[in-house]
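Both complexes shown next keep chain A, but they swap its partner, so chain B is in the first and chain C is in the second.
Up next, the complex of A and B:
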């Protein structure tokens, strides 16, 4: 019995006890027991902060329980050894690397060099292949890095010119990285099935989806809302596809509509399907997350540049004019109802130009 | 085995590398630049491009001081999920998933204990979203809502609460509490019962055991003894035969259905007078609703399940 009591003070469980038994507290310190103030609350960026704050003066049993667990977690998170240089799967989604951070080590760590079994190869990819190891083609990473940088540059420049960038990744698990990349690049995402005909038959499939007119600073201009009726659906200016193998229809439609495409080309994929191939492993989520993140960051830089220029009153692209907006999309003539004299005035310089 | 020897393939690869116009040159030179400045490179490229072939200057046409903010520049989709075909639905799902991830660590109730919520039915949901949402996707969204609803009710964040409320049908049907039936000022207890196609309404008052069914006496209404026994089984099993008068209206169905509808109605009315009898009536089996109805006939069958006899040729 005595021995057990003695052992108590060494155990980690002792710290977990919310109410310390008098005997253990005597062992823990040499000072006289005094009543302490409640622990100071730490300001944090945790989304649960509101909830934690609400439970500061807990009312119900559940709130008390939650607060107790939270306190224990705070206490124990500091214990133990600190692990460094570990892989954080969330990190690549939360804070993806920039195109300038591309290194061969980064690509190697993400497993982008692993191709497919040699029997499944597409010989058109031979220029991207470094060699064979254990019956599997190895993609040469310096090529991957170069092509990835080129693709990042394309994304950045399209974004800087106000282009519409569509990120497509329809495999299981690619959803979060696609949404994150689109969020960063101010682009658009598709993580479920591409509806065939969204480009070639856009009016039928995307006709009901909402569009808006924005100024160069990306602020919506509601006064042009009426002019958007009867307009053809919007087509992307660049498509980034993480799994070209499954999205043949998407890439074909892009080809028909002269939309440039960027795609991750594994050793079994056809590199001629996309405009800007990135030879890399498209089966590892870590690899695709990395590439999507890098392209998202590139788009972010482009958008930032575009908005900075717009604040100075410049654009790299030719903005749509109010007159063009007011033209009837079918006849190409000025609509009777819209504009009036203002439209005529604005259309005058345009006719001169032509 | 048709597998190529690794040596031969490597050699082929090397010869390809040597003789093909390789991207490696550019890659190597680009690698040499340690800090890459995308912005300046494209700036210098872009300006000579735009000047010679297009005499149009976008800049002078726009009046920066006044009109630049108000002049349109681009037509863009309103939602980042424009190309999915149902952008509003996808935006809802993404929003709910982000909420679920953010508040995943909050304590939750066991699956059955969460407060029952009247979410939008599929049709209402389609109207609310304004898109043709497939059943499967609707179900997956409801699943997320159910999970968010399982967070401890006193710890649920305001943000989650407001989002959940936006998916509720107007007027919560589960909040309506029916008032327990009571004996009215004339001492009457009124109750309904159903069985098969029959519906019975019973008005039960304290009395000497007189029963009137559709204006007739019990014997006239139910000539068979067995029917009379079962109609009054609630009173018989509790020994209340001579303590109550009942005025019964029963419509629809056949004799058995009518009899057992009356049984149920009398048992319910008796419970209004004497709630303490409930366990006894339960054991007597008179307050258990028999929800069975006639099964419909199916095409290819003779009756509901009977198949036509097999005929050779």
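Up next, the complex of A and C:
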């Protein structure tokens, strides 16, 4: 039985093997050069003539079948339509919209209007809520757009004044948008856990981190390295938090250190935790990516403005002088006075992880 | 300060106070930014948006030459709202809701069809014109019927809900049939140009069933043999069963059934 099965299985494949029997091939080769002048010239000019002849006269069933399929393929492979992707989910990360591009349709498509179940609402958010749909609070998109523009303006202005902006989004999947926003805005990012005490106990937690002194054009001034040795850790000037619900500690520390904050406030979040709330859905990654991208773009515009002004020799902020930088942070005494060089202090805190 | 913490909203005042009292030597860079762009007012309750169900209809009047557009607003409830509910958000209601509910009640399997809910720009509605049921870039589905029915109700004089439903539904059925034919023709064309769709679901199912039958046959054969051997050992006359075994297990099983009776 096994032998018979073997025959049944393999005889078809044996048949399909394109073998030419030695006799027929010899016939073909002997028959091909018929002594007419034209044929002889063709053979001499085209060395593939014989091969073409052989394929044009298929002998076995499999060869015929193959030829038929080949013909069909040649005939039909230009038919049909080419399908292109209409949606590009990466586009929002690669090329985020500018604050001037904010439209209600954009926010709606990103799903920023979807709040939480009505039973989970925080009544302090009632002014941001448009209505109830299927047991879910719907956030008013015009309010979202207005607050988002306001937050973008704040980010831009702080960036234009050389402030340190920290982007924090510790939810799963927010990493790339946070990194991208920080990259655009020339700020810093956290996509892992906020280590409690990074602001209130910064000397212990961030004491080992590197800091540097840069001038108005963001060029490092290494001669001031020694003066930074016993300074307290650097605090951000603005914190953007994509998930305030999980980062209560961060926002609390910002409050204690008097740092303004921007946060995405869903219908179940507490809007008084942040200085500038953006009422929006914080559970949709597309929504948070959009908001982070817009804020990143705003920061980019601010940085650009700052560097342009610096090239003209102007600043929106009062730069720290070399004398001030060389003062001893504890005694306030001058160690040495040198140069009228103006420097701006900037740091590389704990957020330099990738 | 009690239950509500306003620290975040008062960063600027705090910074100014700290500066005035000498706690900080320099004002932060953001102080004038926060001064120019003040934080939003929090904890102020406004009356939430009130939503009413508005229906647009077109009515013909024998006196007027043209049909007139009439807006019907749902009557207000007799019993006024409790004052404590004044700041609560209100349910959003649209006329389509009922149409949608009715359509999907009558066609529950329409919900089983895959549907694209993703929009890249949010401006897809700009391409839609519901004076006809088919839309470019939108698959025909239950929502098409609902939107078409709504358009008929809003734009055709003296249209009733059931008449609009019938019109929209008829168009929908016709297009669904056409789609079916298109799909069949496409499959035939594909096969003619060399496509191979593999075994059908029915064939796969039959194959699985056959496998189970084969398993059962092996098991039954084994069981029959065991029973047979037990009977032989009881009777003690093995030569009588020799020819029966040659006939096959089914016949043995049948014979045993007969003897039990």
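Keep this in mind: the second predicted complex is superposed on the first by the 250 of 354 C-alpha atoms of A that agree within 3 Å, B and C clash if a C-alpha of one lies under 4 Å from a C-alpha of the other, contacts with A are read in each partner's own complex, and residues count from 1 in each chain.
The criterion applied here is as follows: contacts are C-beta pairs under 8 Å (C-beta built on N, C-alpha and C of every residue); 3 or more make two chains touch, one makes a residue touch a chain.
Here the structure is a predicted model, which is why all the values come from computation and not from measurement.
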Which of chain B and chain C A:219 touches, first, second, both or neither: first
Which of chain B and chain C A:147 touches, first, second, both or neither: both
Contacts of A:131 with chain B and chain C, given as first, second, both or neither: both
Contact breadth on chain A, by residue count: chain C or chain B: B
Touched partner set for A:157, first chain B, second chain C, both or neither: both
Chain B versus chain C as contact partner of A:105, first or second or both or neither: second
First, second, both or neither for A:305, with chain B first and chain C second: first
Chain B versus chain C as contact partner of A:291, first or second or both or neither: neither
Residues of chain A contacting chain B in one complex and chain C in the other: 118, 126-127, 129-132, 147, 153, 157, 162, 317-318
Sites on chain A touched by chain B in the complex: 47-48, 50-51, 54-55, 59-60, 62-63, 65-66, 99-100, 118-119, 126-127, 129-132, 135, 142-143, 145-147, 149, 153, 156-157, 160, 162, 164, 166, 179, 182-183, 187-192, 194-195, 198, 205-206, 208-217, 219, 221, 224, 228, 231, 234, 236, 301, 305, 310, 313-322, 325, 349, 353
In the complex with chain A, residue positions of chain B that touch it: 2-4, 6, 9-10, 12-13, 16-17, 20, 22-24, 26-28, 30-31, 35-36, 38-39, 42, 46, 56, 58-59, 61-62, 64, 68-85, 87, 90, 94, 102-103, 105-107, 131, 152, 154-155, 157-158
List of chain A residues in touch with chain C within their complex: 69, 72-73, 76, 79, 86-88, 103-110, 118, 123-124, 126-127, 129-133, 137-138, 140, 147, 150, 153-154, 157-158, 161-163, 237-238, 251, 254-256, 258-261, 271-277, 317-318
Contact footprint of chain A on chain C as seen in their complex: 4-9, 11, 14-15, 18, 26, 28-30, 33-34, 36-37, 39-40, 42-46, 48-49, 51, 87-92, 118-123, 193-194
